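My structure is below; once you've seen it, I'll send some questions.
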Amino acid sequence: MFDMTPNILRNFFHKSSTRLYPKETRQAFGNARGELYNEIEACIFCRTCARKCPSQCITVDTKEATWQCDPFVCVYCGVCVENCPKKCLHQKNDYRKPVTDKEIIFMKGETKKKKCEGDPQET
Amino acid sequence: MARTIIPFGPQHQVFPEPIHLKLVLEDEIVKEVVPALGYVHRGLEMLADVRDFHQMIQICERVCGICSTIHAQCYCQGIEELMGIEIPDRARFLRVIWAEIHRVQSHLLWLGLFADAFGFESLFMQCWKIREKIMDINEATGGNRVNPSINIIGGVKRDMNPDMAQWVLTQLDLVEKEVNHLEKVLLNDYTVKKRTVGKGVLTREKAMELGAVGPTLRGSGVEQDIRQIGYAAYGELAHRPVVGIDGDAYSRNRVRFLETLQAIALVREAVSKLPAGDISVKVKGKPEGEVVTRVEQPRGELMYYIKGNGGKNLDRLRIRTPTFANIPPLLSMLPGIELADVPVIVLSIDPCISCTER
Amino acid sequence: MDILKKLTRKSRIKSPWLLHFDCGSCNGCDIEVLACLTPVYDIERFGIINVGNPKHADLLLVTGTVNHRNKKVLVNLAEQMPEPKIVVALGSCGLSGGVFREAYNVIGGVDKIIPVDVYVPGCPPKPEAIIDGVVTGLEKFSKKKDG
Amino acid sequence: MIKGIIMVFIGVFVAPLLGGLIAGVDRRLTAWFQSRYGPPVWQPFFDVIKLFGKERMVVNRWLVFCAHVYITAAMLSVVLFFLQSDLLLILFVQAVGAIFLVIGALSTTSPYSQLGANRELIQILTYEPLIILAFVGIYLVTGSFRISEILVQTKPLLVSLPLLYIALCYALTIKLRKSPFDFSTSHHAHQELVKGFLTEYSGPYLALVEIGHWYEVVLILGLCSLFWATSWIGIIALVGVTYFCEILIDNVTARLTWRWMLGYVWPMGLAMGFVNLIWLHGR
Amino acid sequence: MKEVISTTKGTVVSKTVDMKKDGYRFVTMSCVELDADTVDILYHFDRDLHLKHLRLTIQKKEAVPSVSLVYFAAFLVENEIQDQFGIRFDGLVLDYERTLYLEKEAPDAPYCRISVSRDVKSGED
Amino acid sequence: MLNTILFVLILGPFIAGALCFIIRSGHVRSFIVLAMGCLIATASIILFIKGPFSHTPPPLLGIPTHFLVLWGDDLLLFVMLYFAFKHGHLFTKILIIFQIVCLDYFELFMVDHTENFPLFFADNLSLIMVLIISIVGSLICVFAIPYMNKHEEHQGLKKSRQPKFFAFLVVIIGAMNGLVLSNNIIFMYMFFEITTLGSFMLISHDQNETAINNAVRALWMNCVAGAAFIIAMIWAYVIQGTVDAQKLIQAGHMGGIMLTPLALLCFAAMVKAAQIPFQSWLLGAMVAPTPTSALLHSSTMVKAGVYIALRFAPGYAGTFLSQSLAVSGAFAFLATSAMAIRESNGKKVLAYSTIGNLGLIFACAGINTPEAITAGILLIIFHAFSKALLFLCVGDIEQHIGSRDIEVMRGLYARMPRTTLIAVLGIVTMMLPPFGVLLSKWMAIEAASKHLFVILPLAVGSAMMVVYWARWAGILLSAPHGLKVEPEKQGLLTRFPLLVLVWGAVVLSLCAPLVYSKLVVPILSAPSFSIRAGIFENPTGTFLFYPVMLILALGFIYAVYAAKKARKARLSGPYLCGAQTTDPESFEGPMKKPVAVLSGAIYFESIFGNQKLTVWVNIFGGMLLALLVGGSL
């Protein structure tokens, strides 16, 4: 009986393990997969990210040079980032903040003059 | 005798997940129970029609958030078998490491929820407090607390450098120490025993007949663990299934408790034996043919049936999760018990509805 | 009178009781909600208690995708919560259906069924994000009219 | 007379504040035991004020009626306590409240509420005899059921009634709805009956019930304090230690079942009480 | 997949009984759509970590004898197949009548999709 | 004047009974019953106002009274013997023949019929009893008029059995009045036996197998009581040479030799009051139509037992007999409370509760201090009203819903709001302060505090009592949500007794201090409480009767007001885990079938329902009774 007592008393005589977020925050882990962002200047609108995304939340318009992502659909898996040929797509270590209204990440870059080899429409 | 008919769930405090039980009680003794499912059914096996077989990894991870890594591992293992891919040794060991870390996480989570089911709030808190260290390991190594997402077809995505491995081991040491503090509580405490011993007895024969798996099966004294097949690197690591005897909630509790410690030991061993080399091989081609592949997940045997047709979309992906197999045994345990023991017994199979219904 | 009203408002922000409904989530989000209750995050600091009963709750946390079966439950629960109340949707599944949104039994996000006040993205959102979401919701509370 | 009025005032207004504060401290301490930071100590007041501001929602108007009767009775019992009245009378008045609370819960068609109410009745069944025995013990020592007579004692009651004090602590634990006895309802409600017999009380009516509970907590801690009523230090020490132990027990035990309670606590408590009584009788 | 034994509607129950007699544990069943009219139902069994399967190929319209009387555990997966493929099982011990997972609003027999989607898609591959 | 009143009170009912039996017209019968009710109620009040007396009436029709009694008794016993033969019950036959022999020998050869003493004697205790019997009893008879019509309708009887039924119903009232007013114990014995026969006839009324079995059981158990009584009587006569009850009581003070007859009397009383292990006859009586149960339980029959115990209490004060009486009473209280807790048959709950309360009164008689006697007498008064009320309510409910099962009464408020409210009020008066029953219980507990073996069962038993009453009250009220309730129709003859009883119960409770100081104090050897401003006080404790009542009443009124105001509140269905369908009382179950929720109370079947437990309880109860009689030998 009362076998929990030592644990409880240990807790009682130690500082609580609560991290007083938001007063007290912790540096995110370097590997953490957080919010997506695209260095749009470097993006070539190749649509690889859009194709590889398991959640199909990226829309790339090569002609208009727009890159958009629905952060409400994205599962922050990082597949797009891993597959981006230009390594322009990144994930911050911090998560995306909650919001009260729907939103879409929309980015517009410059239309690249030189088209990439291969047909982006394929597969 | 006055009958009481109550809906237990879909939204119910003691079940983190929606499941519905129609309970017929007399004097708070369960006379009849009929389950209703479908509250978390998404139909994700069908997503294979619209996602290619690589993308399905992320979907499989989300069959269930508690053992996401292991789902992905099982899936990748199946595809690799179909395509005849030999993954590098290092990848095999890394898979074991992450899988066992996941097991620790899952078992601690369960120990907490189990404690909660019999109203031991501080024990719940304690288990989950310990578990946070594992969550940190997940995030630090895999990038996410819940879905580390490290498996890919042909190996693993991320490596674990020696520093990282060392850090993981020290964290696990801390976890082990704290878990050991709980041993007496979980296995000896009067009130815990009162609530678990002799509750929901599943005999060895019944367990086999009803197709129980995992700790539910082992709690009834059957020494069966899919890891014995030796998939991934398990063949090269020392482990023996933990078994209980009585087949009651207490026995299952004990099995999971000991498995937590066993998993930590396995991680240690795997890290110490971690071979050098690549972590993945390149994958060419498309899967074709059918395969049944199994791994041992925290809740028991997980089985994937995969049928490919040589295209990028699979013909059929079928996932048989451990809880799916443990529901019939559960139904046999419920009649005749007290209402207060319903959550305890339901929790004692460590139910995961999200993967049951997919 | 005014001071009473102010006090009520303040108390409302200080004591949001929580109801969590798992609406077809993969558990990832659920366990993060539960993790919020546990020592490291301890949302009881904000006066939050997981009451598990819509009749006592002020804050409905919904995780997971809505399907044809659980949508009724969702509506029932929201209905049984006395005003004022806040609905917080968690995780990509709760926001839009996430990876599953094309599955045949998925209707989509929570807001297709009941009005949502706060959206917390992530798969799953970290406990910190959930806390942020709740705090954002509380700000909305002060704007809601009395029940 | 003036003293009487002051006592009534304390009973009506100070007691619930004290009760709320105790609940707050309780939650804070519980949090510390669980390695958490915990809510502010005045959290219970926020809760109650908030509840008063919620929409009125009822399943049944009997519930409203019963909640009001409950708080009246709870208040009256505390007032009677501070007026140093008859212990049995206090218990009976308190029982009016407790029973109406149960009747209110029973008056709904909600199965959870009904089951909770039935369990609450079992709890009443368990603690009432223990409390009566404790009172009888007091009577055997002081020759009266009146509190005023206890206060003139020179020797703490605890000395002659140690076992009955333990029996009373059982009652206290049950009344506080602490583990292992939190089965009719529980504060954090991770239990099979959700909120048990409080399931259907909501908004302002729940607030009433909550305040009523504070009154009851003060009452029952007051009863405990009688066992060392010879000095203020004694009262504070006894009540403090008792309450601390209650929280500790709450945190080191699982919730058990009412069958266990009837089969174990009852015989134990009654036997302890009885032995103590026999011993008193023999003197 | 090794050790796949073909069965027919007539023999599937008796073969399952044999499995049980041999001490096999019922793992699960998998249903795969083959073409617009036929499906494969695979019965998976395990003994000491060794898998064995039965394969039953049937017409979608046909009713299949349930093995839930042999292995109670089969009732769940048979109900699931009823829901997902619209195939009927005769003699289910607990028949959810195709309401195990799906509501009316959901698509009927969603896993039978070859006639609709796969035809269109196969052109792409 | 006194002669007339006594005639009305005692013989009036007999005449009315005879008329009922002879004139087989429903209307005339109703008239007779009503008239008799009014008459004896009035007569009892007049008698009450006149106050205590002792009196010997002139011989009736010139025949010496003792002859009448002898013939009456013999007739009675032979009728009983006839039934014993008819139903072939050997034990009863033996008992009755034994009684006939004893009685005749006693009357013819032993008793000195020239002894001069008042045949009738009344102190406040008797007067209170007369009041209760006459008023409550008459109300029950009135209630029986419409009830029995319906009852026979339900049963589809061709030939009405009502004449006999009403005949015995009213006769019992007369017999009870006779019993409580007699000072000659031979008289007492006769009336005692009349109630036995009456109850037998009433219980067997329905003439089906259970009814007859139960009636036979009642007969033999009551014959045991009769036999004990007669032995006690003869024994006492042998010792004291008198049949004057008052003398016997005083003689009790003197020496231990009187103890045995008194013990036998107490034993007879306890059997009559269905104390453990003889509880089964009263429970069996529940098969009879409700007015029977009400009459047997609340005001008559069983009260005959406690009356005798209280009447003779001064005779055995301070003896071992007194102690063991207290213990066995308290044990009966505990055991029946435990039995009631597992019962869902409403009438049985009432029956157990009655036995329990009688046990409590015995316990009070046994404790035998002024406080305890006060408690006992008050309990008789308040219990009579509340219990009669509850019986009639159950009867009325049963006729409407066709069941006496508490579970079937779930949500009755929606169907029969009037009766339900009255019933709930009745329940509340049975268990909560500031109503009289609880006041008496408070006194009883304070009085019993020094008696460890009394207080322990009392404490546990009263907690159990609270459980079954509260459970029942709640169940009655558990109406489905959002329902418009229409008051149901109640016939005048149904409504009138209910209203009189409920007001009686409430108003009497309100007047408790008055009742105490005016009625009870004169009987006591010393006043047990001082009363100031409605506060009962003695060295042991204080009961702030009026203050508590006032504040609770205010709270009540405010609560009613608040509940009225809540009309505006939003209606919401019960919490069903979110699974409710469009009907808020049912949920969507497996296979999408709507399932109506059902709540059943907890009846502790596994704990108190144990057959073995009952056996042990009976054995233990029997041992206590044996102790009671044997210990005083």
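Each chain carries a letter (A, B, C, D, E and F) given by its place in the written order, and its residues are counted from 1.
One rule holds in what follows: a contact is a pair of C-beta atoms (placed from the backbone, for glycine too) under 8 Å apart; a residue touches a chain by one contact, two chains touch by 3 or more.
Keep in mind that what you see is a predicted model, and the values were worked out from it rather than measured.
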Any chain that touches subunit D and subunit C: A, B, F
Most distant chain from subunit F by Cα centroid: A
More contacts between chains, E-F or B-C: B-C
Chain whose averaged C-alpha position falls nearest the assembly-wide average: D
Where subunit B and subunit D are represented by their mean Cα positions, the distance between them in whole Å: 43
Distance from subunit F to subunit C - Cα centre to Cα centre, in angstrom: 59
For subunit A paired with subunit F, centre-to-centre distance based on mean C-alpha positions, whole Å: 80
Separation of mean Cα positions, subunit F and subunit D [Å, integer]: 36
Where subunit A touches two or more other chains, by residue: 2-4, 8, 11, 16-18, 20, 54-55, 75-77
Residue numbers of subunit B (touch at least two other chains): 4-8, 10-13, 28, 34, 38, 41, 43, 46, 58-59, 62, 120, 122-126, 129, 132, 144, 147, 189, 191-192, 312
Contacts with 2+ other chains: residues of subunit E: 99, 101-103, 110
Overall pattern in which the protein chains touch one another (line/ring/star/complete/other): other
Interchain contacts, given as pairs of chains that touch: A-B, A-C, A-D, B-C, B-D, B-E, B-F, C-D, C-E, C-F, D-F, E-F
Partner subunit D, residues of subunit F touching it in the complex: 411, 413, 431-433, 438, 442, 445-446, 449-450, 452, 455-456, 458-460, 462-464, 466-467, 470-471, 473-475, 477-481, 539-544, 548, 551-552, 554-556, 558-560, 562-564, 566-577, 585, 597-599, 601-602, 606-607
Touching residues (chain side subunit A, partner subunit B) in the complex: 1-4, 6-8, 10-11, 17, 29-33, 52-55, 75-79, 82, 123
Interfacial residue positions of subunit E with respect to subunit C in the complex: 101-107, 110
List of subunit D residues in touch with subunit C within their complex: 27, 31, 34-40, 43, 45-50, 52-57, 187-190, 194-195, 198-203, 206
Touch list for subunit C against partner subunit A, complex: 39-42, 45, 88, 92, 95-99, 101-102, 109, 111, 117-123, 125-129, 131-133, 135-136, 140
